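Shared between the two complexes below is subunit A, which pairs with subunit B and subunit C, respectively.
Take a look at the complex of A and B:
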């Protein structure tokens, strides 16, 4: 019995050592970036190992005032506009698609589901060259609207998670409403939409964070420095501007981190349905 | 099908048959003037489109241009790429028209039947009202469908076709592009400047996908089990650290790690202050250290999501099985191997598959850690690049569009074969309607 107790103590000890190690591994890089954003000098070469020699808030101030070379406030507004625009449009289209695919029986349903599955297997930016050519034809290069259009148009492709959710809402409710004389439009807006609130939140969150942190499309379609999104802008910073990079990162990561912590439960359902972060 | 056509030919009245030539004729006969006018308008605009540019676009699709631009002679040549794009567009227009054409005949025939049975005809207004009710899905799906077709399907079709041309390199407009059949795929397979690079990268890509998926999966599962232990107090706090890592946008993490391992970065500074020489972890000679760092960084990014997922599934386990195993004298490792792993593999199969595909096409990792490096022995790539990075280097940075498109098709082939074999067998696909 005594031996067993000792083993249990040892087990608990090892568990906590491991937990502390894991916490350190995940937290240390974040701490490093946060501290770097508070450093007085900007270059990574002036650091003492991992940490800056002296601290101040000057970098944050510089980030928003010194805009001749790196116009961070403008980048931030661009990102905000693109992300908000594609969030609203994308969520709208995705929810509509998912709902129809879940509730209506029509001839093209199964083929459409299969086609979207096949389309999803093409490498994500395989069509980039073609998209670029299309955008030149439409005259949408160097326009934030072009980006929003592409993100929103692509959003319904990921309707499967949302469809799975609508599948779980019992159809009996719909049928009851139909007997009471509701049209399909009314059934959607008055019954299913309110029930799907958690899913709408999840959809909005994912379709907001995707443009928020994407870099391939903006890099391809936005050639002017003033139109950069934050992701593209931060990529153009080198080691001598490390503190600026860190400050910019902290500022853009913060809203997302807060959102994630608030909505972590919704996120889990999303991952369970097979979303991959990349 | 044949039967329907035969009965149609026998029973349809003349105006309905006229609809075959003059769309809307049947509708006029049975009193639906507005719908008839609409169909007539569709037909007229189709003819207008075909005469105006449709025929030329389709011919252009096959020839891809015959007139080279000549600035001296003032000849504005054919732009092969735009011609191809417009050709695809013409085919789409024809397909849409065919849909309306069939609808027109079906509609006219249905009206004839209604008239013969003395049923009232549907008016345009009723049809519109139907869009909000019976045919709600048509109304709703129209917008997403157009978007997906223009920005997903059209580009993909375009790139598939590009894989069979010689577009790219020196051959970009104003030069004329030609169809070359499977030449590009042959170039990837045999000894040319592309072949050896392709095989080397493909090998590493498969190894990477396998290694990173396995490591991430078991690390995530292990972490979930660790957090799930009874002796752990304050689970929410411990869990917050991985979630923090999960919430940070990927490109920030990757850029931060790049700075961390760079020549002037903190790790090298520590090496120097301890009297060592700085080491280029991600430098041009650092094959395996860069690959290892890639694996670890990918782990840092992906483990939290797998942990969250595994936590959810772990609580669904049937604990009585574990009790029984304990009574039978199974050790903890035996329980893990015989109970936990099989259960989790079963429950998370689709996600595991998604992870594998995601890792196979993981563009970000090496793009940020070592982006834009070209090495000897590789054609426009480095020894850590995956196929998707090479595809980017070739088609977006260096204009080798046709080879890039061919590589996309190879990637598609590999991923789709793997996923179809696994996916079709998985219960979540076969029992799609379980919850309804």
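Take a look at the complex of A and C:
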């Protein structure tokens, strides 16, 4: 018995050590960039080994006040606008697509599913030249709306996860509602949509984070510095602006973290609520 | 319908410039007589009214407030004519070839001569009527030639020179040894010997590092072809034949260029392994400021960056106020011409005759995009920006070396020195032909290998004598030639 307890303790101990080691490996770069953003000298070359010699909040102040060359607040607002717009529009389209594919039987359903699956296998940057040419013809270069439209239009391509979720909601509920006289729209909005809350939250979160951190598309479509998103703006910083780069990188992570902690509760609640109703 | 019209106008502009500026057989000229060339037909002198022209300036000019002064002054002058200049608000390393045709490029751009001539080669730039500019007689032929292109025997000028870019030596006066006047000024001319001679700079670098292992004397990344090739030029090397117009002849190994490679190798031995890659180029600002490095070389346009870093360092290290720190930084940061080299190519040879250092340089200037809808207004802007007053203001605010002789004389100091060096042929301007794009990678590979060699074990060294360095340079020329011929 004692031997068994000892083995269990050893097992737990080793597991904890491994978990702490893995957590440290992943956490260390985050810690490093946070500390680097607080560097007083602002230069990576003045570090004492891995970490800055002295700390200050001056870089964060500079990030938001010194906007002559690098207008971070504007980049931040641009990113927020693109991400929020893409999130709302993209989530709406993805959920509609997934629900349609899950609930309705029509002739082109299977071929469409196959085509979207195959198309989804190609990396998005393959079509960049075509996207650029199309956007020039639509006059959407140097417009944040152009970005939102592309992100939102591309979002339904990843509808399979959402479809899988809708498939798990029994169709018997829909049939019962139909017998009670509910229309398709009512069934969708009053029955399936509330049940799909966790999936909506998940879709919204992913639709938000992708444009938030994307670099290639904004770099391609936004030529004016005032329209840059944070990812493009940070890449345009001069080589002597390391501390500003670090501070900008830290600050850009904040909304995602906040959003995650706010929405993760809804995801869990949604799942629980769905389980009771189901 | 509107798009069709725009397409027609663009096509006409491109067709006009195609016959005028650059082409597959574009060649820079070597005429000693001053020739301005013909401007594009679109420059008919009729100013377009109520137009906004987008101007792309370099980041330093924007950061230091010069650009705002420039456009404010221009807009005030031309407000009656309804012409307004605005910041193009684009990255200074934009791609006019891709963005211009769709109308997303700037109307006027300020770039280095190799970039402007690359655009000229692709007909993205309008040829300018150089004789109409008041700076025409004030700018030396060498600078004009950097923007010249000849097509079917007709000569065209595709940019207006504004400032000369050439490597300069940066050092800190307060890091000189306390006894420099007695120990490091043999000729008693009140100028430290290490600033006048690379041999003495080498001696001082060795001495400084021996006294404190964390400190160095002269430091510079060797992999940078732009800065390193000057050492080859000083001993007879050159870029292309026929005054940099014939890419079939590559001259980095010509003359006694291997002596320049030997000098670089000796200098690298007094540095550390950071000289192999870009590390020193990037950290020179902060390392010069914190006293780790005594000297480095860079271009004049980054003077203000060095100054800002040193000011910040004085504030932090000595607790000075911002004003006092800035004043002290201005007193101690010196930008001067490159030291002289020993004719023997050996920095330890104390009896060698000293020769002038040559260097690779460039000329930055204004050009007008082929895709502009208001070429005449753009031309007026370029005339305004290259006028005596504006170039003088630019030189004062940014510390650049003006291409205009009258302004260089007025500003004096380093600016005049660079101007004289350009006129004397000690600054070899980057050739304005497309083959120039092929020299950087093979050159970088050789210089990295040369720098690495210093840190190899004796039995693994590749460059043990001048003959092996010559062979290395010849190999580099061969690689450049292959790159050029492959891409033809």
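The criterion applied here is as follows: the second predicted complex is superposed on the first by the 236 of 278 C-alpha atoms of A that agree within 3 Å, B and C clash if a C-alpha of one lies under 4 Å from a C-alpha of the other, contacts with A are read in each partner's own complex, and residues count from 1 in each chain.
The criterion applied here is as follows: a contact is a pair of C-beta atoms (placed from the backbone, for glycine too) under 8 Å apart; a residue touches a chain by one contact, two chains touch by 3 or more.
Keep in mind it's a predicted model, so treat the numbers as computed, not measured.
I want to verify the contact counts: of subunit B and subunit C, which reaches more residues of subunit A?
It is B that touches the greater number of subunit A residues.
Using the superposition on chain A described above, determine whether A:69 touches subunit B (first), subunit C (second), both, or neither.
Only subunit C; A:69 stays clear of subunit B.
Just subunit B (first), just subunit C (second), both, or neither: which does A:176 touch?
After superposition on chain A, A:176 lies in contact with neither partner.
For A:225, decide between first (touching subunit B), second (touching subunit C), both and neither.
A:225 sits against subunit C, while subunit B stays out of touch.
Would you sort A:239 into first (subunit B), second (subunit C), both or neither based on which partner it touches?
both
Which partner chains sit in contact with A:142 here, subunit B, subunit C, both or neither? Use first/second/both/neither.
The answer is second: A:142 touches subunit C but not subunit B.
Applying the touch criterion given at the start, work out whether A:57 contacts subunit B, subunit C, both or neither, answering first, second, both or neither.
Neither subunit B nor subunit C is touched by A:57.
Return first, second, both or neither, reflecting whether A:45 touches subunit B, subunit C, both chains, or no partner chain.
After superposing on A, A:45 lies in contact with both subunit B and subunit C.
Is there a shared patch on subunit A that both subunit B and subunit C touch, and which residues make it up?
Common to the two interfaces on subunit A: residues 44-45, 239.
Give every residue of subunit A touching subunit B within the complex, in rising order.
The contact residues of subunit A facing subunit B are 8, 11-12, 15-16, 18-19, 22-23, 25-27, 29-30, 32-33, 44-45, 47-50, 93-94, 96-97, 99-100, 104, 106, 116, 118-119, 121-131, 133-134, 137, 149-150, 152-154, 156-157, 167-168, 171, 183-185, 188, 209, 212-213, 215-216, 220, 231, 234-235, 239, 242, 245-246, 249, 252-253, 256-257, 259-261, 264, 267-268, 271-272, 274-278.
Per the contact definition, I'd like the list of subunit C residues that touch subunit A in the complex.
Interface residues on the subunit C side: 59, 62-63, 89-91, 94, 99, 102, 104, 282-283, 285-287, 290, 305, 309, 312-313, 316.
Quick check: in the complex, which residue numbers of subunit B touch subunit A?
Residue list for subunit B touching subunit A: 81-82, 85, 132-134, 136-137, 140-141, 143-144, 147-148, 150-156, 158-159, 162, 223, 226-227, 229, 231-232, 238, 240-253, 255-257, 259-260, 262, 264-266, 269-270, 273, 300-302, 304-305, 308-309, 311-312, 350-351, 354-355, 357-358, 361-364, 368, 388, 391-392, 395-396, 401, 404-405, 408, 411-412, 415-416, 419, 432-433, 435-436.
For the complex, give me every residue of subunit A touching subunit C.
40-46, 54, 68-69, 136, 141-142, 223-226, 236, 238-240
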